[in-house]
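To start, I am sharing the structure in question, which I have written as structure tokens.
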Amino acid sequence: MNLPYPHFQINYKVYPGTWGADGLALAEKVEQVSDETGANFVLTPQVPDIRLVARETDLPVTAPAVDPVEPGRGMGKLLPEALAEAGAVGAVINHAENRDTLADIERKIDRCQAVGLDAIVCVDSVAMGRAVAAFEPDQLLFERPGDISTDRAISRSHPDRIEAFLAMRDEVAPDTKVRVGGGISTAEAVDRAFELGVDATGAASAIATADDPANQLRKIGEVVAALS
Amino acid sequence: MNLPYPHFQINYKVYPGTWGADGLALAEKVEQVSDETGANFVLTPQVPDIRLVARETDLPVTAPAVDPVEPGRGMGKLLPEALAEAGAVGAVINHAENRDTLADIERKIDRCQAVGLDAIVCVDSVAMGRAVAAFEPDQLLFERPGDISTDRAISRSHPDRIEAFLAMRDEVAPDTKVRVGGGISTAEAVDRAFELGVDATGAASAIATADDPANQLRKIGEVVAALS
Amino acid sequence: MNLPYPHFQINYKVYPGTWGADGLALAEKVEQVSDETGANFVLTPQVPDIRLVARETDLPVTAPAVDPVEPGRGMGKLLPEALAEAGAVGAVINHAENRDTLADIERKIDRCQAVGLDAIVCVDSVAMGRAVAAFEPDQLLFERPGDISTDRAISRSHPDRIEAFLAMRDEVAPDTKVRVGGGISTAEAVDRAFELGVDATGAASAIATADDPANQLRKIGEVVAALS
Amino acid sequence: MNLPYPHFQINYKVYPGTWGADGLALAEKVEQVSDETGANFVLTPQVPDIRLVARETDLPVTAPAVDPVEPGRGMGKLLPEALAEAGAVGAVINHAENRDTLADIERKIDRCQAVGLDAIVCVDSVAMGRAVAAFEPDQLLFERPGDISTDRAISRSHPDRIEAFLAMRDEVAPDTKVRVGGGISTAEAVDRAFELGVDATGAASAIATADDPANQLRKIGEVVAALS
């Protein structure tokens, strides 16, 4: 397991202002907040920027996607070895915006772990989390598609769902970390998520498109640092 | 149109020894041959290495894949803007190892051209080339899947197919460049392809996995340079 | 070419009340209107109902989907031979709700025509129609996804688009029939479409979910019959 | 749960001689063997033939595929309700030749069970079986892709894998039935599979392409009947 816990993850997705020089500037802002607060942050920039962000900051970087291929043919595929060499320490699998077959989830987890990448698998429900737990991923990201890009923080609206998810994890995959996402973008929502027992949380649009991300990140960083 | 013609394209795919520092070393070898011979070479490294190769060499770099997305949501997608910012000047669409829907081919060409990337679309046949020509791509790559990774250079085994393809291009898409691939890896096969009238040719495995790629590239470079 | 022209096509999709006995009852209503008015109607029921509708009515039946497979392996695939044997005389390819790769469009057209099925390919735009025309399908269905399931009949709102589409067909594929869909569900919209020169038109939700489809079909049938 | 156990399942796939009148003739042969031996057989014909086989024989019929759609839009989709109305009592999900996303597996199981179809989910490995067990399917079909269409009966070559699979089932999904496939096409291999404790077994190519399927089926039927 490469990623530090607890942490707050920032998904760049393909939001405006998150690639190239802009993406690096955002990463440097996050790094400054990390240094100031002592909190762990993890970044998921776009694939062409993984090397840039990994080299220019000390923050752990994960790839937003990965393919279950071996070295050889496979035009346009994201080879786990190449992501690792570029500086990624983990990769995201089965995101709601990029669904995988069950067979590929198994192969992607295996390939990631074989090259030393943390396998981070997105799931929508307790049942889907239980399913993926069979493959022993490093992290399960529990995020309900309907909550993505909203301000309906699941940690506040449905704490029982998080509790049920964590109980499932404790039962079938105690070594797997749980991150919760979906509308968790305020220090209050982050705090509530950690109170419920999650190992990590994070956001995409709320940070990537914020007017003053540094201020928002600082408040979140203080919450995360208090747990560490 | 960004790419120089005539040229010889090198597809890294995900072959062993083609990513990260190794991939850069291969790029630098190609650049040296380009400098020595005066021939145009174009490189298609893996996505995480686009920025590295584009920054450290003067060779034109194309992305091996692209997604038809707009800035915004789209976890794990390859945004045309981000590829361009990383240094790509073109992107490959509909490769036989990464097929696209017809609707996505149209959208990918539009998105690439809107951000200044050359749209390079792979096709298997004259009819498929005629189909894609309707969208006015910058380059059609004519490559029969059965010839990929073989030494059956189509320019020698089936020159009539190349002639038919070029005749179709002249008729329906005279502004589109034609590259021919599939087993074209010797100077003789390259020479024959250009004699038939192609604008470019290239190889993947034959170069990426060659024992002495520099020697092979030099002979190819001399052929290409003689045409320029 | 199996289908009679001009005609009005009814797509059942998977609308409530369109499968099994209900789907047959709808087919029989359409047949009665066809008999009364002398108009050609074509039905596209769900795959499990193709044989039932083809056997119990005299209307031409097309399959809503088909796979580009040969007899052999291919669990769950829709083999062209099996669709034909069940009574289909055509098959729909690349519907906006069921997109195909360019390579599969070519293979599906070839496979359909090899077993005597009309190949009916859906496209969104003039450019996409021009692309598919390269494969010489029997029918192009021009339907803008944004018009599907609306009452914005393209024949009334954008007659110029239909005219441009027909001009393209006349230029590059004069033997291919053109059907126009998307919100064409009243006799007036049907009439206008045929005035513009289309070979066929049709509807899905407007008929499948109508309170009194027979009355609506009768008015449409009179328009179609007047052209025959 | 609709299917009778123990049983021997026959997958028609799209093998030559298995659709339409030929497919019905094969079904009638199987029914005759079932009547003679008293053994349960289950048939999985192609989708266009489900109604024909279900109506003309008394054998339980399952659909070779299903889509996770609700009644409404969805051109070309296989609606669970329509499959059930045509006579299917179960549907196959995630076959190795027709892979599903994890999200679709969950939705397909839910939709099948909601309309009274047995949800039969194919898996390659113990881990994949454990994953799918989280969704409580009616049947898990354990079949290693490498064994499909061979004569390497897993019940003879790797009985330990079947034992491990059954142990997993007993632990996490005791109500789910286990079928084992992949090269099990002789009475000896069938017998060995049932000795190991499976609830069902079956074959595709070995029966669909046999010279004398009736003779082979009779021997298998005697084994199955002896268990009932």
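Odds and ends about this structure:
Which chain is which? They are A, B, C and D, in the order written, and residues in each are numbered from 1.
One rule holds for everything that comes next: a residue touches a chain if its C-beta (ideal position, glycine included) is under 8 Å from a C-beta of that chain, and two chains touch if they have at least 3 such contacts.
Molecules present, by chain and UniProt name: A, B, C, D = Triosephosphate isomerase.
Predicted model, so just to flag it, every value in this text is computed and none were measured.
By the document's definition of touch, chain A (Triosephosphate isomerase) and chain D (Triosephosphate isomerase) have no common neighbour. Taking each chain's centre as the mean of its C-alpha atoms, the one that lies farthest from the centre of chain B (Triosephosphate isomerase) is D. Centre to centre, using the average C-alpha position, chain B (Triosephosphate isomerase) and chain D (Triosephosphate isomerase) are separated by 45 Å.
In this assembly, the C-alpha centroid of chain A (Triosephosphate isomerase) lies 34 Å from the C-alpha centroid of chain B (Triosephosphate isomerase).
Separating the CA-averaged centres of chain B (Triosephosphate isomerase) and chain C (Triosephosphate isomerase) is a span of 39 Å. Shared interface positions of chain D (Triosephosphate isomerase), i.e. residues touching 2 or more other chains, are given as 96.
Taken chain by chain, the contacts form a single closed ring in which each chain touches exactly two others. Shown are all chain pairs that touch, namely A-B, A-D, B-C, C-D. The part of chain C (Triosephosphate isomerase) that touches chain B (Triosephosphate isomerase) in the complex is made up of residues 94, 96, 99-106, 123-125, 127-128, 130-135.
Interface residues of chain D (Triosephosphate isomerase) facing chain C (Triosephosphate isomerase) in the complex, by the touch rule stated above, are 11, 13-16, 19-21, 46-52, 63-65, 69-79, 81-83, 85-86, 88, 92, 95-98, 148-149, 204-205.
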